[in-house]
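Chain IDs A, B, C and D follow the sequence of writing; residue 1 opens each chain.
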Amino acid sequence: MTDQRSIDLNSDVGESFGNWRLPDEDMLGVVSSANIACGFHAGDPKTILSSVRTAAANGVAVGAHIGYRDLVGFGRRFIDYDPAELAADVLYQLGALDGLARTAGTRLSYVKPHGGLYNTIVTHEVQARAVIDAIAEFDETLPVLLLPGGYALDYAREQGLRGVAEAFADRNYNPDGTLVSRREPDAVLHETSQVVENMLRLAEEGVLIARDGTRIETEAESICTHGDTAGAVQMARSVREALERAGVGIRSFAAAA
Amino acid sequence: MTDQRSIDLNSDVGESFGNWRLPDEDMLGVVSSANIACGFHAGDPKTILSSVRTAAANGVAVGAHIGYRDLVGFGRRFIDYDPAELAADVLYQLGALDGLARTAGTRLSYVKPHGGLYNTIVTHEVQARAVIDAIAEFDETLPVLLLPGGYALDYAREQGLRGVAEAFADRNYNPDGTLVSRREPDAVLHETSQVVENMLRLAEEGVLIARDGTRIETEAESICTHGDTAGAVQMARSVREALERAGVGIRSFAAAA
Amino acid sequence: MTDQRSIDLNSDVGESFGNWRLPDEDMLGVVSSANIACGFHAGDPKTILSSVRTAAANGVAVGAHIGYRDLVGFGRRFIDYDPAELAADVLYQLGALDGLARTAGTRLSYVKPHGGLYNTIVTHEVQARAVIDAIAEFDETLPVLLLPGGYALDYAREQGLRGVAEAFADRNYNPDGTLVSRREPDAVLHETSQVVENMLRLAEEGVLIARDGTRIETEAESICTHGDTAGAVQMARSVREALERAGVGIRSFAAAA
Amino acid sequence: MTDQRSIDLNSDVGESFGNWRLPDEDMLGVVSSANIACGFHAGDPKTILSSVRTAAANGVAVGAHIGYRDLVGFGRRFIDYDPAELAADVLYQLGALDGLARTAGTRLSYVKPHGGLYNTIVTHEVQARAVIDAIAEFDETLPVLLLPGGYALDYAREQGLRGVAEAFADRNYNPDGTLVSRREPDAVLHETSQVVENMLRLAEEGVLIARDGTRIETEAESICTHGDTAGAVQMARSVREALERAGVGIRSFAAAA
């Protein structure tokens, strides 16, 4: 076992809102990077602060999960933002999370766009530039976690940001490396053993297997897992344990404080 | 004329929200300290960023005008917050404004609670401690602008924060130094000449004159002015010009960046 | 068994919001009256419409669960409303729920204030009058479900509205008929057998037993149950089944459409 | 002068929100139809109720100005709604306005989609059907005010709703009857005399003149005017006075209550 064999596990955290609670803080015992909601698509300040404190206590890197301003839509719906308004919304969210992180004795270590914003900037160049430029203006040393192969990742790297690609533990892939659409029956993987096998291969060989068996070389440095149900948390735990048994270290691509 | 003869002028800025515009940015050519809305009672991120940039360009100190989360009530209504939630809301707002200020090349220089929160913590000890402790946790060097004679000001000083008292340019005072209630017909002063005379006396002698003629010694280091109407902006300009003609310097109690 | 032996079971429904789901629709198979959130403290329109449709399909009376405009606080925090604003907020919520109910082929059958508003108007006369007057202005035939012994109930009856008192299935009572404070260790009853026994006695004798054994005559025509957890739903089912076995009919005080 | 020579003037009203005031109620002395905000893109309940009462007192028809749920964007930005959520949002807004109208002694007389929603359903068939079907489900006798030539107008008529087309007083037209884009320098007409001349011709001949002089036959039964600035209100008054001098009656296409 050498130091090279390590990978990051990330998950969405801090998505409760007032009286509406999600069990996502349980993932802070599993992952190495926490995408923490910033209050625009989810997360009230008390919840966010609690998640930041728990992440810090567990040595989990704190990421800003920036999103569209849309609580009722959970940030999942495309909104046709003016780019200057989008940039300001990004800066506001980064500042808020950074402030809470510093108060909790840690710091903001990376950024991941959420939901509709994440998907939009794969191809929407105007919104992608607004988001990436805002991040760079806030702190050009912040890594940005993004979908491999998209415009946002290319543009982030052009601007000198560290763009980090991720793979999805429970999703099936097409031979060209894109995700199988959720409209297809085999879009989501439900078998823990298959997910574990895939993620071990990814960590050890840098390869994903498409649904037709094609081997896909990927640059993914992080594995996206989920914590919104008890079953999801258990699957993520299984992935982590299998990786550790195989001698793969679980480390964030971003340094925790 | 000596350096000692100086005073601060403060005003609320950044209170537009989306399509609803207030002319308060005009005050950034008049005052030395800008209480900038943080998005909870007023202020969308694009508006806030614009106000922060203009304040920085004009050498005006940037203050966080923290408020209750209540857009429809403009932060003016008492809300019976849980103190941990109030503290988190304060930290979130401070972080957001601080991030926007740093992005604009300046920094957060002080804090002023807004509206219902400002009035509540004059006497509500639980909320006062939640607010002051949160500010101290965020940055213990930040001055806090407050009503003289209240619990919040005392508590802030006990906690080692610099508490700064303010006087109100257009309000009438009772002999005991409290404000004449807005339910009384003479609560608000409308004559520019009277307002100017009062504020000159305050700057030069540290004295306010109550409505019955009583002289009130005050520790006020800042004068609160208004910019929500064209007439208010003009009155604030008159106060500034009169002070400058009398050789009183207009300087923030907080250093602009 | 005669017709007189019947009682109403009510529960809060429609409290999901966007992606945040509560299992409260399960209660529509248990209760006879549904307090359906109106969007101000909880409930997005699609959720509300779904709850209204299910209530109609199950013959459950549709009530408007009106609340303070405070999603993050779930309507549980006192807000110092201007009475004209509170009245308008009430009318708006009643209209919205009434419209959704008519669209679903049923109609609005009663009103219950929620959370902070419910508790406030037990003693806060200005808010109580604003709420009750608004309900009377909207439709003077709507019954209003309230805490027995409070100002709001008296005022509603003075204004000619039908005020309906309720008892709480899982709460302990003081000898004077008030609820044991939640700060006391025995405020909430957890034993299903005890709850069932109490509610049978209430339905059959119109009596509650205080924690010291005192018999309290009560005018309660409805029993408030909860559906926010799986355990709560089960307890409510047990109460219903026990009542039915004892020959007590479960009928709303308000006619379902 | 005969009865045939009449036309409707409509304007957006009720767009204030809490402390942010717009002067749009002044238009209730000018127009015959009021597009009243329903709280999703603008309008708090107290403002809406006030606008409804004033409209009723002035004999102005009350229309529901339904919009996307987006206060910060004033309902002007496209949001990629799920159609079932859009339909529920429409029903909720219709119910709320209808309830406030009945309380004010009048009734809801028509519907006009606002801003981003208005423009989207000219071509977006899924959203258009969700909106039109919801209106028909709420009340199939409600006329719907829409852009001529769009999908929504066609679909509304197919569903048996009365679709009413409108013309824009202060906008320039292309020869094909579409509006000159706001990106063009001559998109908006600023000369009151030209606007008055155009609207007289429209009322008397049913014709608009395109920017190249082409005569465009139009089915417009209503003229859209604006009340968001003092100058806009004055222009609308001039149009009304000129129409009345020419013997054209100002009457809503929808009956006021």
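Operating definition for what follows: a contact is a pair of C-beta atoms (placed from the backbone, for glycine too) under 8 Å apart; a residue touches a chain by one contact, two chains touch by 3 or more.
Which protein is which chain? UniProt says A, B, C, D = 5-oxoprolinase subunit A.
None of these values were measured; they are calculated from a predicted model.
Using the contact threshold fixed earlier, the set of chains in contact with both chain C and chain D is A, B. Should one ask which of B-D and A-B has more C-beta pairs in contact, the pair is A-B. Fitting chain B to chain C on Cα positions gives a rotation angle of 180°, stated in steps of 5. Mean C-alpha position of chain A lies 44 Å from that of chain D. Between chain A and chain B the centroid-to-centroid distance comes to 40 Å (mean Cα coordinates, whole Å). Among the residues of chain A, those touching two or more other chains are numbered 44, 72-73, 85. Every residue of chain D that touches chain B in the complex is listed here, in rising order: 17-20, 22, 42, 44, 71-74, 76.
Remark: chain A residues 39, 44-46, 48-49, 84-85, 88-89, 91-100, 102-103, 137-138 touch chain B in the complex.
Remark: chain A residues 69-70, 72-73, 77-82, 85, 116 touch chain D in the complex.
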